[in-house]
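Below are the structure tokens for one structure; questions will follow.
Letters A, B, C, D, E, F, G and H mark the chains as written, and numbering starts fresh at 1 in each.
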Amino acid sequence: MCKNSKIETLLESVKNGALSVAEALEQIKTLPFEDIDFAKIDHHRPLRQGYAEVIYGESKTPEQIISISQKLLEQESNVLITRTNSTVYQVLVKHFCDAKYNELGRTITICRKEISKPKSYIAIVAAGTSDLYVVEEAYETASILGNDVRKIVDVGVAGIHRLFAYLDVIQKAKVVIVIAGMEGALASVIGGLVDKPVIAVPTSVGYGASFGGISALLSMLNSCASGVSVVNIDNGFGAAYNASIINHLSS
Amino acid sequence: MCKNSKIETLLESVKNGALSVAEALEQIKTLPFEDIDFAKIDHHRPLRQGYAEVIYGESKTPEQIISISQKLLEQESNVLITRTNSTVYQVLVKHFCDAKYNELGRTITICRKEISKPKSYIAIVAAGTSDLYVVEEAYETASILGNDVRKIVDVGVAGIHRLFAYLDVIQKAKVVIVIAGMEGALASVIGGLVDKPVIAVPTSVGYGASFGGISALLSMLNSCASGVSVVNIDNGFGAAYNASIINHLSS
Amino acid sequence: MCKNSKIETLLESVKNGALSVAEALEQIKTLPFEDIDFAKIDHHRPLRQGYAEVIYGESKTPEQIISISQKLLEQESNVLITRTNSTVYQVLVKHFCDAKYNELGRTITICRKEISKPKSYIAIVAAGTSDLYVVEEAYETASILGNDVRKIVDVGVAGIHRLFAYLDVIQKAKVVIVIAGMEGALASVIGGLVDKPVIAVPTSVGYGASFGGISALLSMLNSCASGVSVVNIDNGFGAAYNASIINHLSS
Amino acid sequence: MCKNSKIETLLESVKNGALSVAEALEQIKTLPFEDIDFAKIDHHRPLRQGYAEVIYGESKTPEQIISISQKLLEQESNVLITRTNSTVYQVLVKHFCDAKYNELGRTITICRKEISKPKSYIAIVAAGTSDLYVVEEAYETASILGNDVRKIVDVGVAGIHRLFAYLDVIQKAKVVIVIAGMEGALASVIGGLVDKPVIAVPTSVGYGASFGGISALLSMLNSCASGVSVVNIDNGFGAAYNASIINHLSS
Amino acid sequence: MCKNSKIETLLESVKNGALSVAEALEQIKTLPFEDIDFAKIDHHRPLRQGYAEVIYGESKTPEQIISISQKLLEQESNVLITRTNSTVYQVLVKHFCDAKYNELGRTITICRKEISKPKSYIAIVAAGTSDLYVVEEAYETASILGNDVRKIVDVGVAGIHRLFAYLDVIQKAKVVIVIAGMEGALASVIGGLVDKPVIAVPTSVGYGASFGGISALLSMLNSCASGVSVVNIDNGFGAAYNASIINHLSS
Amino acid sequence: MCKNSKIETLLESVKNGALSVAEALEQIKTLPFEDIDFAKIDHHRPLRQGYAEVIYGESKTPEQIISISQKLLEQESNVLITRTNSTVYQVLVKHFCDAKYNELGRTITICRKEISKPKSYIAIVAAGTSDLYVVEEAYETASILGNDVRKIVDVGVAGIHRLFAYLDVIQKAKVVIVIAGMEGALASVIGGLVDKPVIAVPTSVGYGASFGGISALLSMLNSCASGVSVVNIDNGFGAAYNASIINHLSS
Amino acid sequence: MCKNSKIETLLESVKNGALSVAEALEQIKTLPFEDIDFAKIDHHRPLRQGYAEVIYGESKTPEQIISISQKLLEQESNVLITRTNSTVYQVLVKHFCDAKYNELGRTITICRKEISKPKSYIAIVAAGTSDLYVVEEAYETASILGNDVRKIVDVGVAGIHRLFAYLDVIQKAKVVIVIAGMEGALASVIGGLVDKPVIAVPTSVGYGASFGGISALLSMLNSCASGVSVVNIDNGFGAAYNASIINHLSS
Amino acid sequence: MCKNSKIETLLESVKNGALSVAEALEQIKTLPFEDIDFAKIDHHRPLRQGYAEVIYGESKTPEQIISISQKLLEQESNVLITRTNSTVYQVLVKHFCDAKYNELGRTITICRKEISKPKSYIAIVAAGTSDLYVVEEAYETASILGNDVRKIVDVGVAGIHRLFAYLDVIQKAKVVIVIAGMEGALASVIGGLVDKPVIAVPTSVGYGASFGGISALLSMLNSCASGVSVVNIDNGFGAAYNASIINHLSS
């Protein structure tokens, strides 16, 4: 009621003749924007209704994170904190005893509300064990957004037979996340083997001319396989968020 | 019948005792790979069964293109030729009178087989009229792969009210392609307004420090909106191919 | 009248009881955005009321440019066409005999409406004669937007005494545009000599490691003088547009 | 009196015949430059007469900073120290008990002289809370240079409705500073919504391919909105200095 | 026996009539890939049969390294650990008393099995003493892979007479590794003096515009001498691995 | 005889007492360098004894090329001209009727002397048909330097089953050249499948962020497979020259 | 007399009492800068007194060049035009029959005044014949500025014995210009062999990752030899100008 | 005597008939290179005869530095250690009580031998106080190599009048070193004001888009003044070494 009060009052005034149509028209034009459209624009966020809200942990104090988490939990939202660390977790767990920490993925999750999952699943495929920090960030994100996830790790192209052993589980996923550093060739190889959307995440793993992930990023953008799109370096969260949207699409 | 003949013969020999199991096992291991797995691996391509085959036209002669097209049409495949030009079309249309040329998109299509389309549609949103060459490549690709497409052009962020006028048609799409050059800000703005997968295509439009699309590419990769993934500069085909996979996903 | 018709009709319906307030409220929310707010947002553009409208000429046909110009002139707007060429002008001048072509600046102007100018002026300072194409684009832009302009050219830092001869006219401007290629040092030197806003334009003049203007761009961004801001390489139009806004500011 | 003494003495000598014109001419040419022109060139600095002097704190010892501050305060100048830290402040405040520290902005200010402010104000708009360190540097700079400032934070384009709620206060400013990291799209959006000069500051916020602010920088330089100019990455001081010059311009 | 069990069982079923040829054909197509081809593809690795296995030490715990080493030693493989440090070595040597640490090269080796070496040798030539960390990594790698190695250090091109004193030993090698930072000119000079394959390793030695090895990398890629190929910056391991393959080639 | 005449004369003079040892010593030090060492240093070039001499055709006139070729043929050397074109060939073939032109590879060869070849062969593997110009340059180079060559084209990783069909011929080569543009992933995949030296050639094929071959170059340098070294972009000649040295190595 | 007339008149007025000292002081401050200091600052240019004046030919019309040349010749200056072409020369030679064109170096010279040369000479050393266009620009520049020049070409490091044959003439020069493309190693090698200033010029010769001269530029900047400084890519003029200054220095 | 013994013995053998001329010829060709030419090539180094030897201190232990210093001092050479620190100095001064440490310049010098200096001097000009670390490295280098040096600091172009006050001392130097970070404009300004060789040193001072000195480097390479050459970022040693060579040149 409160949000639309200004325009409602205005319409009432038109109805009862207190305002002419021309006057009302003029007033509508000068109404602050959000009074009209705030609700409509905002309800586009898929995370809202019972899913989860994400807190980007970097450069936030434990106190700030607790305060935001508290507010979200009151709104019956699950909570995902990314780019955090064990120090934050030690403080947080005293307030929310059901908070869980993924050390490798650097995430904290507080999951209190049942999430309905689609039957289809997301496959997360990674080239090497050193890409695991991104795998775990993607895993936690996809999980709390309500998805089944299958992880296949250490199937880099330098020993391509390892990949083929898992081809079936990859091909049956609804959407595939491919995570790779160094030369990032895995995205192209998988892109050529599946007929599902492939979201590639370059990682900053490597040395020398890997340039903190740029080599892998360029490699993935130039993939000769057609079904590959790319997110930012190390952005496991973004890939999983994207994959979750696709996994929840109804036909 | 022909493709599997070698392994079939081999199995027949096992059946009739001409080969021992051990001998057969040995021979199977040394069989050329494709004799065994060609069909399996290959049927992952969504374009095959009645969809369309794509010919990358750059640096191919009209003769080569005609020859490949002929072969594809015999296999009852529709044909999409990208990165082509009117010279090629003039030659091609003499052989295939139903070939159609999209000058802006630099594509030729030969569509002979009915394509079943999902009910959902793909929205293609572009910042400026100078991005139209990518819009049209994406449009032709998505269309021949069997998708309904809505084009919304010239809604760049410098006049953001123009975008809002089309918000509804964008928000109701199953997947959104955003095409923008210069600073590529449109991807972030739309990414924040819809809850569908957004595939961003940077274009090489711009001058000065736009570096042939790199500025837009970086902008899109760093999007503060979470549901955005990116394809290569000017790669309208890749974005549409990707969007088509998503649009055809069943839940 | 036409623009607001939908919402007017709606208000009339509320007035005469055909719609309840709640129904009207719902419909307002779903009205296309521009029907409500187009005018408000749009009237922020300084070019509108009697100033000039800008047509970016690159990749537009003479016919398109004529058509847009025609429309603008009917709205009593002056016309500025940037990044154009003499071929376009030859066609255009047959339709608009008062069109004027600046070959160096690659601009066409059609000025039919008196423009009121502030008393203050804009100084355009350029390092070399090879920067003149940007000087002229800036000059034509600033002029048609209603500004007095003083041009000082060929005062690069390699012969700094030449600059000092014009210090007075530069220091008395309300805003200064500095245009330089190669190492772009002129922006820093002038930034240290005036107490007015300095807008720096790097040009693509130079060879070797000038990288099409990047050296000058970086130089200007790193200026040790505090009052310098920068626009894109060769963007004389942008600098002049910016300077014009500042020159028209009332205190 | 003191500054011009050498040339005055010289002129006196000509007057009273102690020097011939030719001798005087020769001596004038060899006079140290600043004896002639120092005052003229130097009085261009707006900070001088009662405003404030800026000390760039990086790599200066507390002792050096105290010594310079002392000297400036004796000249009745207010003092702004940028890029400093709390250690410096702890030492400084013992000498100047009215020194104030802005931790986020990393600035110290000592304000002893009344500053006359224009009626118009500067709007500082930032995309996210992580851009606050630049916001605060800009805020302190603009304030001590004698300006009213309005801060609007966390209005990034991924949730564009938040921005519209503050459109009015932004549009009424005399000059707008836009601060954003990641993809820097906010500058273009605001550039399209206001008719005032927009000074964009890219921040080094972001990760992956944000390259410490380069993505945002390129994005802002390529802005499709015309009234945007750019300063260096994280250079809140430079933007505010620039904005202050504009805000103090009389018409 | 175990690996091929599925297909063996299948063949047995064909043999005894339990499966028709057509049914068997269908099942073969869907067999997991590795059941058929794992062994074949995998035995391509030269390190396997009695040579050595490499553990990339970066970001692995001492415990992980011990565990992998244990497993490899049980398979009668020698062990090379690269990018490790003395802390890891202190732990490791307690388990494997014959482990040897090369501090400069940051490698640990455990060599228990006799390695047959070719008569020919590998020459490792380095420009300066500051390139020694890469020299040693290459040396340890080449040695444990079964090669005689000659090291020639500090023969950079700024004092080219030093190089000529060792020309003979360089020219008689079967393959030459050239390691250089800064401008990397040594690769070109040696490439012009020998008729053997030259593998160049750029090092991250240098400062200023050496960009952590990129200058040397580009220099080596652009070598005017024809017999030079390049590996990644600081990749002494890769160069030695490569050289070892060549040194072991029979004619 | 002629080359050493100066030093021989000198030695004769010592012998017959016309020069003292001390005088001779002094003269030896001042002799032009090449008189002493020219022959020794120069005989390192494998192309000399009956192989072939290479002429880099770019920016040489047909006349210059004919003149150099004439000289080389007189020395009983075969001739390879790279980076040439059909115009040069038209002129050349009038002088040397046995000259052969490879249009795709842009090479001309004149082969008059029998070349003894090793039994082993070089495999040239390329990702796509658009890499053929580099394949052909490598092919012609390797052939005239006396090598058997097997070409395997269009086996890019997006359809990896195609590659496996040729695995045997690749694995049996003595050295493998891998040519790929776009993301260059083929080098890593093959590097993981063979135990022979792999020389990777990035090509400038691709568009958008392929940056004229840089993406492929970085990808190859960062290959996770150990036996891969890299030559410059499009440098088919360099790769083949390198491979030829390796193929001619005796054990 | 004429140059100083304003200030002379002023001093006369002071002398004869027509102006007070205070009035004179005021007027001196407002005198145009050049009236005082022009001569002093300007006479620093070595090209002035009888040497030569340089016209940068790029983007100037033949008419402009003729007009400037005419003016310079009237001042008894020799003329050097760089970055010009044969079209300009055809026009120019009709006006100045003694104009000479260097096609490779793209320079025109008009030499009418005897130039006194130092006894010492400049050595110009170049790696390959494809660097000749820069060699010739440097040669013409050095010559018309009054220097003896020795050219040594095609002594690149891939055949280093060729360089040693000319070591003597290089070591006896007063200053050495080294011109090289590709990997630019020649500068380091020569820098280590001579005890004279070495000015390195990277050329844009090369392909692939030579990036139009950047590889050579970086290589030269990172030279391990200490006496090397660098000018811009292809800047033969700048190197020769620099070398000429050094060659004309008296001790 | 010792150096030439091999060839002397050989010549003696020719003289007394123990070797034929042919045999001697053969042996000369295979003599190690340095036995013949070491002395000749090596005596090109200006530092040798009584000047100073330089030790690059980075990554050397105090013990190594002491050992090298000891050896040099025995050869009556002065010693300069660059890129060192106070820890090294504390150890060093115990062995060489006359060692001197320049903290800002990070250099240690041991000067025991009188150095003859030219009458001319080197001017070192720096833009800001934050460039002092490079100034001091250059100062110590130039001093120990036997040069008078004048330092002029804090004369950056943002307050160009400060520079003019010192113009005379700059113009009278024989060679000028210009040191500047940020936009590096000072090199161009000074290059336009003096007729002496200018050696520019970009410094890594600055933030944002200064990229650790690259902006200044590019700026200096693109200088519009002709007499400027450039050394690597922060390379004060190289600039001073270069300047010293020039300052010691006799005419």
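A few comments on the model shown:
Note that in this section a residue touches a chain if its C-beta (ideal position, glycine included) is under 8 Å from a C-beta of that chain, and two chains touch if they have at least 3 such contacts.
Because the structure is predicted, anything quoted here is derived from the model rather than measured.
Listed here as common contacts of chain D and chain G: C, H.
By the residue-number overlap criterion, the interface of chain G with chain H counts as same, with over half of its numbers used by both chains. Ranking all chains by how far their C-alpha centres lie from the centre of chain H, first place goes to B.
A straight line joining the Cα centres of chain F and chain H is 40 Å long. One simple way to say how far apart two chains are is to compare their mean CA positions; for chain B and chain H this gives 59 Å. Multi-chain contact residues of chain G (touching two or more other chains): 37, 41, 159-160, 193, 208-210, 214, 217, 221-222, 226, 232.
Listed by label, the pairs of touching chains are A-B, A-C, A-D, A-E, A-F, B-C, B-D, B-E, B-F, C-D, C-G, C-H, D-G, D-H, E-F, E-G, E-H, F-G, F-H, G-H. Of all residues in chain F, those touching chain G in their complex are 32-34, 37-38, 41-42, 58-59, 202, 204, 213-214, 217, 232-235. For chain G in complex with chain F, the residues that touch the partner chain are 130, 159-162, 164-165, 167-168, 207-210. Within the complex, the chain F residues that touch chain E are 41, 44-46, 54, 118, 120, 171, 174-175, 193-197, 199, 217, 221-222, 226-232, 237-239, 241-242, 245-246, 249-251. Against chain C, the residues of chain H that register as touching in their complex are 127-128, 156-160, 182-185, 187-189, 191-193, 206, 208-211, 214-216, 218-226.
Per the touch definition, chain A reaches chain C in the complex via residues 4, 7-8, 11-12, 14-15, 17, 21, 24-25, 28-30, 33, 36-37, 39-40.
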